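Shared between the two complexes below is chain A, which pairs with chain B and chain C, respectively.
On to the complex of A and B.
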């Protein structure tokens, strides 16, 4: 395993630009294309395919006059391409139309939810990454100890659990049946933000952390064991370097890249995982917003939230790849 | 593709092919590992309850037999649910459909993913580009969000949920199978059949697919756990079987407001779902380890990277 050397890295900077730069550009281009197709699929599926969205919203008892009015409101009387152009233009300029459920502008409904969900995902991702990396490193150092064995078995079991089972178990343990120390629901009064009432965030974050930690733990443990057993760590030990230096300077940097990738993929997962968790705790984020919108067939809200989640997915994926690449010394060298 | 006239070592028929029934030996070896035994036992326990349960339920699952959220009593050992129906009877009757839907979604997802992955890798060119671009598009939706999108269009139909869940698995399966196929299609036994002028469709179905049954078995095991999680999750959100049907996911949601009065209506279905998913996950983990030759020492880093432990769902 080679460490970076300035000459080799320099060789990558040719006329065609730095290899990482080229990679970022090509991946971003691919991501934008994917997103455009995603937006067409979402739009076609929700607005055009099922015959008529207005009919779907109003149901079987709609009067022709109301149907016609809603068709005009949704712009369903125009061509598909014109409808799509108007819709995507509206999304990008912050005028995504009005909610069919209560008539409010969709962006105004979704924006505060987006902030709340972002807080939830960021805090859960951060806590999950720290706990997973720490537990994984300790388990690798104490390989085959009781601590390692118990954690490995528990993590295998927990990876299988659905989020709503984890969430309900936490509610049973900490909010209702066994102890009553935390709120069972995380309802925020309108106009307040998630961070103003931290006790409401505890159980939703704990649920998401419990779901993501096992993956990060398992990858960190495996990567750390591999690093610790490698020849360069052996070499560092034989040179007589202090144990902490071997661990932090030689082993850890090589265990990080695969772990970074798994952390990124788990952040991705959180984008979908918040749907169920927010619903369980009545937390006003976009996940709960999506479930409500699906129940009400509130098509403009569904469209916006699904596209936001897909955009997060696509760009987070690219970011994960690039960060993992930057964290891998030998891959920075141009081939 | 082999260029006509290129010398090729003609393999003796039947020898160069991969072992066709490898997957059966993988399964039987997996069952004999400790993980495999534990996982299969847990699965069997829940499957037995779900399958036999409807026939031995003491009460009708939809009949009102006691007070709402009443505690355990003779005749209703697990108490009453939100409307005063027998929790035990609803638990016994409420599992089979989740199992059936999850199994069907897994089969569909693995089948569709295998077809897409093998075609992409073997046909190359525009077919590969088209299939893998579609895979990227489907992958841009979290599985549950994809299912919710379809439900919002067509309504909470059970067949739709099966298709949506299966379809959201297909991309991952396609990616794994594509890379396996790229490797297999370079082997001599495939080259030999190509030289005989067999059609690509038949080569994929008769030569490549049978050689990939082992990775397919591994994928199916992993996908089964995720299918159960999403199918039960959709029921929990209220987009599965409509009330008053007994359904473990729906029961948890219906009865959670009465947790303080009668927790059994939530605890028992949640525990059964947990035991089931832990069982399928542990068993499929055992299968994956045996199939990929992962010993106890070398932990799951290289061979399983991107395959087993990457990320949830």
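On to the complex of A and C.
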């Protein structure tokens, strides 16, 4: 019964737009609302709450006169709504204000760090996804073998380790105590980019890859096992197709959508994970920038970085859903 | 070719010879199937019949040199035109599968890859096996689809499986199986999920393709009527053994094994209102099979000797008919023809327990599903609603019980109008109308015991003490022929038939006046279906129940209902007393539906031994 109905309603598909278009539009709407809420929360937490920003910057020993002067400078004497409007307006027009720590424009401070972090996250995400998918597929093919067993135990153990433990272990192993083949810290001279000194990227990327691979591996393994034991893969084998074709054309496309979701989640996690990893390696990205800004009470920088991270979350969520939808014809195309 | 030479040496062109096939649980000596031997000639169809768990799918897959994970070949040979598939290497098998022997799956909905367009799935089998240049793949795809009565437009080839109907999916699977002109086709219950009309078209396609290309076929099914229409030879399987093998007319007309006879008695007939006799109990699972004859625990004609040693597989009379039963040659006392149901006058009074549906129209979202339905269920009356899939019969049932609330019109129960959705109905009216779902594998909560499952509605609707409730649960279990041992078991410990009985007990424990049964036997074997139908008929009589029986199986209607409503595309086509509608249908739609049912009796007529 359901089949007939769905087909009947499918005729009206043109009017309601393509499923992907619909998804993107609805998610973008939701994303914009999310970002507005995030900006309000961030703004409220940093600038409005009692013990105002001027007080936070100057500390306990501030004289009332200096406090008053800073409050005027920051516009804290205006209404909360006016302050928020001024801040958001500035963000949208590219004038995010100046750093409280050194007076430079916030954008000029954050932009190079953003590029460095983007390189770190992109390379880690790419390597993590490739390694995780590959290991997961092999483990699924050799289900219950020694390889599968060892990998499953190791991935479980790694999942239990916090990323700073992984980072410090790598430093001890490759940079200080055991071998001294790689730099222990990844300090970039000002004005240089991360990719100009690839050896500096190795350990931070390795840390992040080790942290995300187990999740991707486990999802890929489970999805691949399900696909390999499905009736359509059995059918493909009974059609006499070569093994590579059964694997790559029949099993893989069905294992990809659930794995894409997990890869997306891990990229999101990476955006938060870099804060710790960049701090450990002293890598000049936005994670380290955020930690520094918090310790300097550099409120405009904190606000900008948090909003950028939130925007990344929203964007990645939409992207993940679109990719998963593209990979699933059953959902992509109405009957 | 080597195969061709072997073929020429053989006096009889036996295409497939299976000898002592044995499949075991991997790493053990526990057999799943054993001592399976049969021969199929070119152009011939062999029907492989048995209940679920009899090992018929295991045998079917072994014919392609394939076994599922956890199983292993324990011995025997599968000779296709003289070469043994079980002795082949993986590469050799890859060349044989799809090209010389092909497979049509039970459920094309899950056997076609959901991520690939059907054109690709059809084309790749040609790509894997055909020499390039023999004929262009695109032309061949068009040709094989046309043979399966599908129009190979570019738009069709680009579609994904979910965009096709069940019948179209099965045709694609059949086109795929015939694409490389194989010598043998193995069909594993290919029409189980289809309604009778689609089933008949699919069967005709298979028959004509086998005939025109001289293909040998092995057709696996639990549906004896379908086998009777298609096969020249029948092998009856029970607990991993072939218990009876012979020409179709002999098996259906003069069955010699008690199991075959029991199976035949369980098949409902659209021509007579028969008392269906099921087979109590379950086939023993691998590893738990008794020493003697495997059927002995369920056999009505069992002798002490049957329990001592397994009976040999011996030929009867001419030698083409083989039976695995020590009593095979004794004259038979039990008739294979079922008893007819004694005629009873359907009560016509309009007292309590009456459901009256007037002018009911229902929609799913914007799509209309039912149009102006009128029907009445009198007290103690069973009304069957029949129709093809998509005719709206389940929606109708769901409207009556309030699971579907997007409808207009009147549904009166005992003279009082019912609200659309179950949430807006009174507790009393909810209790008086109970529903039994189609699939007992999904309708019982797997985390609750049988006792808890049956107790739940009682707890909700009654104010009985826990002791009284338990007494009623046990009594209800007994009434559906289950002992109180079942109270503590979980659904996954039960067979399909036992689950459906628990579902029935859950519905009946609150003493409803109207029972709505939605295709309650479609997920079950015929032998179990017979038991459930007889159970329903007994309970209906004993408790003066009114019943709405939804089914796509017209033959079943004859055995259980007094009135039948034929539904097509959301409209009532014809309704009236069962005998009248089934014997003298007025509407062309009903006539066609009746013609499409495979009938056992047509095959049976040649066997004079029982007449």
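Here is the rule we use: the second predicted complex is superposed on the first by the 320 of 335 C-alpha atoms of A that agree within 3 Å, B and C clash if a C-alpha of one lies under 4 Å from a C-alpha of the other, contacts with A are read in each partner's own complex, and residues count from 1 in each chain.
Going forward, a contact is a pair of C-beta atoms (placed from the backbone, for glycine too) under 8 Å apart; a residue touches a chain by one contact, two chains touch by 3 or more.
Predicted, not measured: the structure shown is a model, and the values here were computed from it.
Asker: Please indicate which partner A:234 is in contact with in the superposed arrangement: first for chain B, second for chain C, both, or neither.
Answerer: second
Asker: Mind working out whether A:250 is in touch with chain B, chain C, both or neither, as first, second, both or neither?
Answerer: Second partner only.
Asker: Is A:100 touching anything from chain B or chain C once the two structures are fitted on A? First, second, both or neither.
Answerer: In the superposition, A:100 contacts neither chain B nor chain C.
Asker: Check the residue A:114 against both partner chains and state whether it touches chain B (first), chain C (second), both, or neither.
Answerer: Touch partners of A:114: none, neither chain B nor chain C.
Asker: Quick one: is A:213 in contact with chain B, with chain C, with both, or with neither? Answer first, second, both or neither.
Answerer: Touch status of A:213: no partner.
Asker: Could you tell me if A:242 is touching chain B, chain C, both of them or neither one (first, second, both, neither)?
Answerer: Only chain C; A:242 stays clear of chain B.
Asker: Applying the document's definition of touch, where does A:172 land relative to chain B and chain C: first, second, both, or neither?
Answerer: The answer is first: A:172 touches chain B but not chain C.
Asker: Which chain makes contact with more of the residues of chain A, chain B or else chain C?
Answerer: If we count touched residues of chain A for both partners, the winner is B.
Asker: Mind working out whether A:260 is in touch with chain B, chain C, both or neither, as first, second, both or neither?
Answerer: neither
Asker: Just to be sure I follow: which residues of chain A are touched by chain B in one complex and then by chain C in the other one?
Answerer: Shared contact residues on chain A: none.
Asker: Touching residues of chain A toward chain B in the complex: what are they?
Answerer: These residues of chain A touch chain B: 30, 33-35, 37-38, 41-42, 45-46, 49-50, 56, 156-157, 159-165, 168-169, 171-172, 176-177, 184, 211-212, 215, 218-219, 221-223, 225-226, 258, 262, 265-266, 268-269, 271-273, 275-276, 279, 290-291, 293-295, 297, 299, 302, 306, 309-310, 313-314.
Asker: Quick one: in the complex, what on chain C touches chain A?
Answerer: My answer: residues 61, 64, 66, 68-69, 93-99, 102-103, 105, 107, 110-117, 124-125, 128-129, 160, 162-163, 165-166, 176, 364-367, 369, 389-395.
Asker: Quick one: which bits of chain B touch chain A in the complex? Just the residue numbers, please.
Answerer: 35, 133, 136-137, 139-145, 148-154, 225, 228-229, 232-233, 236-239, 249, 252, 256, 259-260, 263, 266-267, 270, 273-274, 277-278, 280-282, 285, 299-301, 305, 309-313
Asker: Enumerate the contact residues on chain A facing chain C in the complex.
Answerer: The contact residues of chain A facing chain C are 1-5, 8-9, 12, 229-232, 234-243, 245, 249-250, 253-254, 327-330, 333, 335.
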